[in-house]
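Next come two complexes, and both contain chain A; in the first it sits with chain B, in the second with chain C.
Let's look at the complex of A and B:
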């Protein structure tokens, strides 16, 4: 199962990296009439603006992968930083972060993102920032609790006895012990970010010039009465599903309980 | 209520109110320009003064904040939508009931279905039935709501014409009684199925794991030794004890459900808050957008808070 997942995710990443080489056209280039059916020069036809749907599909993989990967990286880093320092420094610093986490967990994520995105024209990197700021909290608490129990374990106590500093303990010992937890966290956030980006683009939130599968599905639905759904809606829907399913299978292979 | 959880809700409330207050003020110009934008050119000077008064713009920032608090929280005055030419609260009241209908029915159905499937799966942990169910639900878990919804819309509304392509009831038809109810359910069906399917895996997985934890307990072995019927042990002895985590999750999942509903409504042009928010985004109707988001955020917080209270009561009583 995990292999299938890795292959799926790998495939999407390859599409994303080599999009400019595979795509026959620029994604926002006028290549012919609007609403063309699939033909030899436009494999998946054209959209309402006469842009090549196949090229846009490939570039859409870039948006999903870049947002998913960067958000997962940034927010897992934040979780690690805040979780480990809270466990190491304890006291009021720890209390501050734990109370803030309680607050963040109670926030309705989607509503907050729409609110922020409505005022700021959130670009690709803006979206990564906003998503990361709303995703770090669960991981931070788990990592803080795990670090707390690690700090009580014999080998850390021994290392401390030899006079190791906090930074040394963190980088040399805690990091390697926390790695499995961090990777579970990374995959979970990766999946949620891909998922939310598609949904938000579908809602029309964020940078209008960004090419995204969610937005393609939306436009396809707007013109569904023309009957072009099989080349306009289905391909991005399938790729989006394969991406998320791929990550789910990788997670499942790692025997994560966090499938929710 | 655990003190910790209460402070969490308080902090969330403060974050939400601060964001709603600060964002329009971070924009260039004054908040009235940021909120009302193009509509401003049509504003009479008297209206503009009235707006400035309402926001208390002549006061310092802290004063403005308290002004904002008393307006929104105490008077529930969320502003005026120039697009609909009605107060935001009035506009929202036309859309909110449909969202609540979709939310509550899908929450109940997906929890019940997740419960039954989870019990069946967890009871036969790692056997053939369990593995098959797990695989199917993992695949469903890989499909985002917008994909499931779009597929259902294409198949059942456009190809087979079994369900309507949009709306919450047939317009200009004055149905009554049973016909009216059937009409509403007919329109509700696809959005409901979409939301139930996308939220089913989480309740299923929770119940399955919880059930697996319970079947190893001594009281189950005792029930077996007594020779009780299989189904009775499974549901009365097993599931009843395993369902607490699932119930606890219902309140917490309300926010996730709401987020999902916003997307799903848009696929089926279901006239709820998701569609309203989408249109407000298109029309740059900021008072409406901000008011809707604030109101929904407060509802989510309130639901979570109340379920927290109920769970604490139950926890104290039973266990």
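Let's look at the complex of A and C:
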């Protein structure tokens, strides 16, 4: 199962990376008539502005992958940093972060993101920042608790007995022990970020110039009466589903592997 | 009566006695102790004027310096005033004469009394030493060792000397004979001054009221026998006591740590290269024999005797639980006072939950104390916080469950090299060298294959040996072993324990041995501390605690240990 997931995710990533090479046209290039059905030169036809849908699909993968990956990386890093330091330094520092996390968890995350994205029309990287800032808290708490119990385990206490400092313990022991947890966290946020980005684009918030699957579906929906949904709406929906399915399969496969 | 001032004896290039100062009052009983080759006999012989080396300094007997004497003056004093019972029984008696005539002969020579009178007196003396009349007329070859010893003592008594020097009077005798000879000497000592040279602490304890400890021709300690046995001050004295077997003794015998084998220079302390607590000064200057404040003890040591490495004063540990406003706590360790000396093995015994491990971890600086003071090498642990690395390189811990004390993702090399890396040994070659050394020491393979192997494949015994290797790789001064063998089967336990004790002896580390097993504690420790519900209910020398337990709980532990 895990392999299937990896292949799916890998495929999307390859599409995203090599989009400029694979795509027959520039995504915002006028290539012919509007509303063309799929044909030999426009594989998935054209949209209302006469842009090649297939090319836009490939560039849309870029957005999904970049936002998903970057958000997952940044927020997992934040979770790790805050979780581990809270456990290591304890005291007021720990209390501060834990209360802050409580506060963040109480926030209606999606609503806030919609508001921010709609109001500020954030760019791609702005979106990554906003998503990361709203996704780190669950992971941070889990990692803090896990670190706390690791810090009580004999082998880490033993290493402290040699005079090991916090940095040494973090890099040499905690990181490797927390890695499974971090990777689960990473995949979870990857999946949520891809999904949320699509959702936000569908709602039409965020940077209007960004090419995104969500936005393509939204756009296609406007012209659904023309009957082009099968080559305009379906392909981005399928790719989106496959991406998320792929990540889920990797996650699931990981869990079951650890259970064995 | 007798005073030695800066007595020095040289034979060729070797100095056998070094600037020796000693006073023997009238009627005093003095014991001289030391390993063989430390100059005990030389000391006796030089007082007798029987030595052929270069003797310098002064031997003042009744106000007169014997060393200035001419040969005939010596004759006056030797045997008449000072007599000596020599050590080697066989060479001293002439096989061609009967015992009686051999005892009578010096009287005839020295006091020039009539022959039959001399024989009568000799008979009386021999009787006094417990030799029967039939035996007196036998030749030395027909007598047992004990009987020869009696004859020699009688010979020393012949001219009624004031000071008798006994050189190993009971060496190579069996216990019963030894006891008889000892009581004979004791009887003689009621009217004379005696000097007993022996390597037997317990004989000296019976006979003398002052023990002089000699090492390489130098007095290192003088004290009363009971004091010396209870709390030896010089590391050498303690090592001597440790290596001596007695019935009472519960601990395994330990040899004296070998020195580097180099001949030390005369400048420094003679014990320097075998001592585990030496400082730079010890190599440069030989310590003077000085009186220890407010006691009858004299000591020659720059460090003022065996150093107290770890001291605990009223140490308490409370674990808090409950909410911020409703704090409850339970006391794991309560008001503990304890000290661990250099090279000493202290066992902490108690059932599980008695606070043993908490105590161990506090001393290792791994968990903070709630109140009280933990002092290591004259600084408390709060001060050591600033020198964290240095502290941890000197205080090490071995854990009950070795497997849990390792990161399972590490290889053998990574495990052993980690303490070195933490302590800032960056050189890879040095790490490899030290790692291999450490493995050899604990009898584990040290080839590349083993170094690169994962630890998950090792057995319990191997893991604990690896743990010991890791703990010792930084050459700590204090080793805390928390139930180091409880996870092992008896065969492996014995191996690991033996290894641990050998290394302790070799390195001279102080060791805190935490165990629930009194039988084990009895085998390894100098002192035993019994912990019950976080409090010390009893502590003392292992012999005392095992043989004469005072507290109810100790007695219960002992009876339980005996029933298994």
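Note that in this section the second predicted complex is superposed on the first by the 255 of 260 C-alpha atoms of A that agree within 3 Å, B and C clash if a C-alpha of one lies under 4 Å from a C-alpha of the other, contacts with A are read in each partner's own complex, and residues count from 1 in each chain.
Everything below uses one rule, namely that a residue touches a chain if its C-beta (ideal position, glycine included) is under 8 Å from a C-beta of that chain, and two chains touch if they have at least 3 such contacts.
All values derive from a computational prediction rather than experimental measurement.
*Asks:* Both complexes share chain A, so when I overlay them there, do chain B and chain C fit or clash?
*Replies:* In the arrangement built by aligning on chain A, the partners chain C and chain B fit side by side.
*Asks:* I'd like to know which partner A:176 touches here: chain B for first, chain C for second, both or neither.
*Replies:* Only chain C; A:176 stays clear of chain B.
*Asks:* For A:153, is the partner it touches chain B (first), chain C (second), both, or none of the two (neither)?
*Replies:* second
*Asks:* Using the superposition on chain A described above, determine whether A:162 touches chain B (first), chain C (second), both, or neither.
*Replies:* Touch partner of A:162: chain C, not chain B.
*Asks:* Calculate the angle at chain A, using C-alpha centres, between the directions toward chain B and chain C; round to the nearest 10 degrees.
*Replies:* Spelled out: centre of chain A as vertex, angle of 110 degrees.
*Asks:* Per the contact definition in the header, classify A:214: touching chain B only (first), chain C only (second), both, or neither.
*Replies:* first
*Asks:* Contact-wise, after the overlay, does A:99 reach chain B, chain C, both or neither (first, second, both, neither)?
*Replies:* A:99: touches chain B, not chain C.
*Asks:* Quick one: chain B or chain C, who's touching more of chain A?
*Replies:* B
*Asks:* Look at A:107 in the shared chain and tell me whether it touches chain B only, chain C only, both, or neither; answer first, second, both or neither.
*Replies:* first
*Asks:* Can you work out, in whole Å, how close the C-alpha atoms of chain B and chain C get once everything is superposed?
*Replies:* Superposed model gives a least chain B-chain C C-alpha distance of 12 Å.
*Asks:* Spell out the part of chain C that touches chain A in their complex, as residue ranges.
*Replies:* 361, 364-366, 388-389, 391-393, 395-397, 399, 401, 404-409, 418-419, 422-423, 474
*Asks:* Under the stated contact criterion, what part of chain A meets chain C in this complex?
*Replies:* Going by the criterion above, the answer is residues 153-155, 157-165, 168, 172-173, 176-177.
*Asks:* Going by the contact rule at the top, pick out the chain A residues touching chain B in the complex.
*Replies:* Per the stated touch rule, the residues are 99-100, 102-112, 114-116, 118-119, 195, 198-199, 202-205, 214, 217-218, 220-221, 224, 229, 233, 237, 240-242, 244-246, 248-249, 252, 257, 259-260.
*Asks:* For the complex, which residues does chain B have touching chain A?
*Replies:* These residues of chain B touch chain A: 4-5, 7-12, 14-16, 19-20, 23-24, 26-27, 34, 138-139, 141-147, 150-151, 153-154, 158, 201-202, 205-206, 209, 255, 258-259, 262-263, 266-267, 274, 277-278, 281-282, 286, 289-290, 293, 296-297, 300-301, 304.
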